[in-house]
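Shared chain: chain A. Partners: chain B in the first complex, chain C in the second.
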Partner chain A sequence: MILSIGRRIGVFLLTVFVASLIIFLLLSVVPGDPAQVALGVTATPEALAAQRAAMGLDQSLLVQYLDWIGGLLAGDFGTSPVTNAPIGAELLSRLGITTVLVLCGMAVALIIAVPLGVVAAVRRKRPDGVLLSALSQVGIAVPAFLAGLLLITVFAVQLRWLPAGGWARPDEGLGSTLAHLLLPVVALGFVQAAVISRYVRSSVLDVMQEDYLRTARGKGFTAPEALVRHGLRNAAIPVLTISGVQLGHMLIGAVVVEKVFVINGLGSMLLEKAANRDMLAVQGIVMVVVTAVLLINLVVDVLYTVVDPRLREASS
Partner chain B sequence: MTATPTAPPPQAAAPTVRIRDLRIDAATGTLVHGIDLDIAPGERVGLIGESGSGKSISSYALLGLLDEQLSARGDVRIAGVDGNVLDCSDSTLSAARGRIASIVFQEPMTALNPLMRIEAQIAETMLRHRTVPDRRSARRAVLELLAQVKVPDPDRVARAFPHQLSGGQRQRVVIAMALANDPALLICDEPTTALDVTVQAQVLDIISDLVRDRDTALLFISHDLAVVSSVADRVAVMRHGHIVEHGATETVFAAPQHSYTKALLAASDLNAADGRGRLVTVDSAPDSEPGSAPGGSEERPSAGQRPVVAASPHLVLDPGEGGSPSAQVFNPAPSDTVPLIRARGLSRVYPGSRGGHRGEGVHGLRAVSFDVVEGQKLGIVGESGSGKSTLLRIVAALDKATAGGIEVGGTDLGRASRAELRRLREDVAVVFQDPMSSLDPRMKVSAIVSEPLRGVGRAEAAERTREVLAAVGLDDDALTRFPHQFSGGQRQRISIARALITRPRILIADEPVSALDVSVRAQVLNLIADLSDQYDLTLLFISHDLGVVRHVCDALLVMSSGEIVESRGTADLYAAPRHRFTADLVSATPTLKYARTTVVTGEDR
Partner chain C sequence: MTGSAPPHARAEERRPAVSSESGATGRRRRSWRGGSGNLVTGGTIVVLVVLLALVSLVWTPYDPIPVNPAGRLLGMTSAHPLGTDLYGRDVVSLLMYGARISLLVGVAAVVIAMVIGVPVGVLAGMRGGWVDQVLMRATDVALAFPALLLTIVFGAVWGAGTTTAVIALGISAAPSFARVSRSGTLQIMSREYVVAARAANRGPFWIATRHVLPNIAGLVIVQSSVAFGIAVLAEAALSYLGFGTTPPTPSWGRMLQEGQSYLFDHPMLVLWPGIAIALTVLGLNLLGDGLRDRLDPRAGGAR
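Right after this comes the complex of A and B.
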């Protein structure tokens, strides 16, 4: 099992490396000269050439790549030619905000989706089960920004319980942070809950047909007891897959909610930098997001082997 | 409810189960039409019927395990459960399930939770009903139970996960679970249908012994009359939701009264054949007097009726040769003929490691050599894992040998070009085991059957499709229908039609009847035998069931652990198996006890 995890980590590192190559090459063929972007359209050819040399753009692609990747490994994302500020510091703080937002959103989503999906499956033929199932369909159709606007209208504007937007760092007071966090997390979590609960429902429905649940009932467990003892862990496997996929999507997908709640997260940073043609920053952000997604996959893979003993041998 | 004589249960003890007028309804109609049955403590009752007869759902109703779509009416009493079982709530019944009454299901591969260790799964049966005080005594009890069901190395099995155990071991675990709390009633629903013959014999022994030791009432459900006759004192025969016949096993099997029972008995008896050398089917079975049941003679119809094409003397392990078995050519062709299939030193090693032996690989076949002469009907027999399916895949060019060579119709499969292989695949057709899953559910029968044809015009394809469908006994209106609209037997006919449409020279049948009911099984076997003659086919018939192969084949190869251990003419091999493994197979094949039509094979166990 340890061996198989070690191999998965190896595959992860290799994939990150290949991803970095692809990202670098893709962004180097995007039109737009970074030196021109830095100096503006009025720059003289001599100034441009000097700027290129300063930015290392006159070097071969290989040298440029090695410069970039070497910097990344040392934690240096480079200096933005547009703002002349180091990219890494901003990236880190934005990443922190988005990570908190996304992880809390996912937690809310799972807390809602798992019981909802199980109940919808168990009571699929009763009116309440059908209603839950229909509600989750509607939930998938509601865009996160609309959910956010509704929440702001009710809880911030009308009831004035919570701030309508913005962000507070924990050192500015934990209560304030939580207050700012609550609405965006709920907006993000609700929509994800709708998606994930569909998967929970169908996964539980599948498991309810399994012979081992019948065996469990034959041992003397009631139908609900059998489902809890023997069904849920089996049903968790496909839910784990979809949760990993959704988590990856949310990293950038959270940008919509960030915009609505005026939060400076990773997604909004990517939008700003792309609009300003700050390609070095874009490159750094995409690299971070790709690495995060691969890391999520790695964690999901490892969790599979923890949950399912069959995979422990198959992979060793 | 019917006019059949009912054998009165022993009056001495109050029955463990008393069923009166049990009816089961579905939305589409009534499935069980009022059955009555008593089982006394220690009594072993067999419930016989084909799929759809209502035998399994009747037993589920006793434990409150019916599907939600089904509802049961009537009066069912189980000693130790208050009131009518059918009126009890799930929580009341769950207190009885696993303690007063237990059930063993058919499919051991899926009956256990794949994520839980065996020990935990058995222990929770006892912990649930508090028949053991704590986990430590539960563990002791689990090891004891595993020893009772005779698993090798109970310690290891207790720690294992289900996927690490074989089907037979899993079924033993399920039996251990069912008997953990010493229930008064044990229901076994086709407990050995999914198992190999030799394993089946062991599991049946275990069930019989444990039930006898504990004085447990047993309800044993099966479609296999031979299996039931080896376990039950009393049998009830079900058809279309009625018990049509009921009495002591010996009486019912020796002198069946109802025409259905007679037909079922005749169809189950693969030694019996009618005047034309064909197996008796439920339709063709005579329902007049039991004495006229066919096949009572000593003569072996499979040898007597059809000409044995390969009349060559089949070689056995020659003690004088003294070499390793792999050096021997089994079923050799006579020196003046060229064999259609010629395999020499055929091996198949699957890469990968098992149990820590890295890189060693798994041996599917170990240096196997044999011939098959044109027109021969060769049976390949062995248990699961014996290498018979690997052999099939190589002969059908679906897989390649890792060592050795094989020629089919003069083509060396190891060196054949793509074009040659494509031509070869038209010459070699395969019929697979499971007619439910081997047909594409979204294709019409006409498309399924004509699919293997290449480079044939539309009109000719349609003509040939109709022709092969007629040959397997299906009408033209089958053409536009989908697989799910057919029964299992009909689907297997469709598979056979698909196999025959390219006019192959070799037909490989991989367990073609093991998923079918007894009555249908005989029909499909007859069909395969007839078509082999009609189409001049060379037949390779793969099965784990000696009884089935015996009827169709002239000669047999017996396989074990990737090697051929014996090959001879069918009749010889039965009469005097030489290899220990063959002898085990012959004696483990369940035979119909009591039935007058049976020619008993091997030792009566």
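Right after this comes the complex of A and C.
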């Protein structure tokens, strides 16, 4: 098992490395001269040359790449030529906000999806089970940002119960933080809940026709007891997988949700920097997001091996 | 059991298939009721949206592009059944024109994804060995770049617009086509008729076009319908963010963005494009589920 986990980590590192090369090359081919952007159109040729040297633009692409990646490994994202501010500090604080948003969203999604999925599976022939299944299909078709707009319309604009947007740090009052957090988290979570509940339903249905469940019934358990004691743990494995995949999707969905709710997370930072053509910052943000997506996949892969003993044997 | 997958499968691949009629009931009922219901409902919705878009090519109630300051933010009237937007443009006309943009982006992105993804997948599946390893590692890397992220980066580099969005969405959908085609190809390559064709000294290109492609077409069609839905959602999100279709061309995402300032007095301005997006994606998803039950041997009857 250790071997297979080690191999996965190796593949992860290799993938991150290749991704970093692609990101670097993609953002190095940008038309326009970053030195010109930093100094403006009135700069003299000498000043431009000096600026290019200061930014390392006179070096070969390889040296520039090594500079950048070396900095990243040391936690230094560089200094933005547009704002002259270090990128790393802003990126870190913005990443914190987005992380809170995504993790709370995933918690909401699982809290809704697991019970609903189980009910939809167990009661699949009853009207309520069919209705739940149909509702989840509708839920998947509603993007998170649209859900956010509708939530704002109802709860912020019409009813005036909750703020329509913005963010409050916990030291500004916990109640305010929660009030600001509620709508975006529900918007993110609801849609994911629809997706995940369908996988819960499908994997519970699969488990329900397993022999061990019939055996448990034979030992005198009622159907719900048997399901709870033997079924749910087995049904959890595919759900774990899909939750990991969806966590990555939520990280991206957060970009749009942050825009809807005017939250200064990583997504809005990406949009601002992309609009200002601050390519070094964009490069850093994209690297962080891509690494996060790959890291989530790695964690799911490893958890998968740890949780399921059958796979543990198979892969050793 | 559908949930279990080979241990070496990667997270994306292990995504278990969800069919409309799963498990115990599926075996008895699926072939007819479950699949057909989705197929008919989804197909009807998609056909309606396509018709709206086609009609908008020759006729819309009003011209959706010029601004009409005198008639802005009219509620529902007999002249404008769904009202007018903040520029005085007729909402029905905007929605019809928006359908055209959404479908155009969806079709173009799917075609690009297919043209890149299917040959890569078939090549990986047929050649195996290091070619397969390299190509699949490449799709792993590509999968780490989600569609929205890639489009925003492309927009920052080459300027935002419908073309940029289509290319970025197409590229980011390609890896899933490659995966689907590869797994389909692997199944086909072990069949007797392929073994016979190889024994008869048929070249790989002949086998690919005569045996592999016709047999994986079903899988690719199902994947197209899924990718189409994702592209429509992404286009809406991108236009909302200002990284998709540029004004004055109407698009559903842009309508959402423009309507957001008028949520108090005119919430319907957000509701209509919202319904249009959700309904289209719902139709495509149902169509995909229905097609999967019909065409994909792994879901439905085989299990």
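To be clear about the criterion, the second predicted complex is superposed on the first by the 296 of 316 C-alpha atoms of A that agree within 3 Å, B and C clash if a C-alpha of one lies under 4 Å from a C-alpha of the other, contacts with A are read in each partner's own complex, and residues count from 1 in each chain.
What we mean here is this: contacts are C-beta pairs under 8 Å (C-beta built on N, C-alpha and C of every residue); 3 or more make two chains touch, one makes a residue touch a chain.
Fair warning: this is a prediction, and the values are worked out from it, not measured in the lab.
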> When the two structures are overlaid on chain A, which partner does A:E210 contact: first (chain B), second (chain C), both, or neither?
Replying inline: both
> Should A:R123 be classified as contacting the first partner (chain B), the second (chain C), both, or neither?
Replying inline: neither
>> If we overlay the two complexes on their shared chain A, which of chain B and chain C does A:V245 touch? Say first, second, both or neither.
In response: second
>> Tell me which partner touches more residues of chain A in the superposed arrangement, chain B or chain C.
In response: C
>> Contacts for A:G220 in the overlay, against chain B (first) and chain C (second): which applies, first, second, both or neither?
In response: first
>> So chain A touches chain B in one structure and chain C in the other; where do those two contact lists coincide?
In response: 125, 210, 234, 310
> Within the complex, which stretch of chain C touches chain A?
Replying inline: 1-4, 6-8, 10-12, 14-19, 22-26, 137, 140-141, 144-149, 152-153, 155-158, 229, 233, 236-237, 240-243, 256, 260, 263-264, 267, 270-271, 274, 277-279, 281-282, 285-286
> In their shared complex, at which residues does chain A touch chain C?
Replying inline: 4, 11, 14-15, 18-19, 22, 26-27, 29-31, 121, 124-125, 137-138, 140-143, 145-146, 149-150, 152-153, 157-158, 164, 198-199, 201-203, 205-210, 234-235, 237-238, 241-242, 244-245, 248-249, 252-253, 255-256, 259-260, 270-271, 273-275, 277, 279, 282, 286, 289-290, 293-294, 297, 300-301, 304-305, 310-311, 314-315
> In the complex formed with chain A, which residues of chain B make contact?
Replying inline: 63, 65, 68, 90-91, 94-99, 102-103, 105, 107, 110-116, 124-125, 128-129, 161, 163, 174, 177-178
>> Give the list of chain A residues in touch with chain B in this complex.
In response: 125, 210-212, 214-223, 225, 229-230, 233-234, 307-310
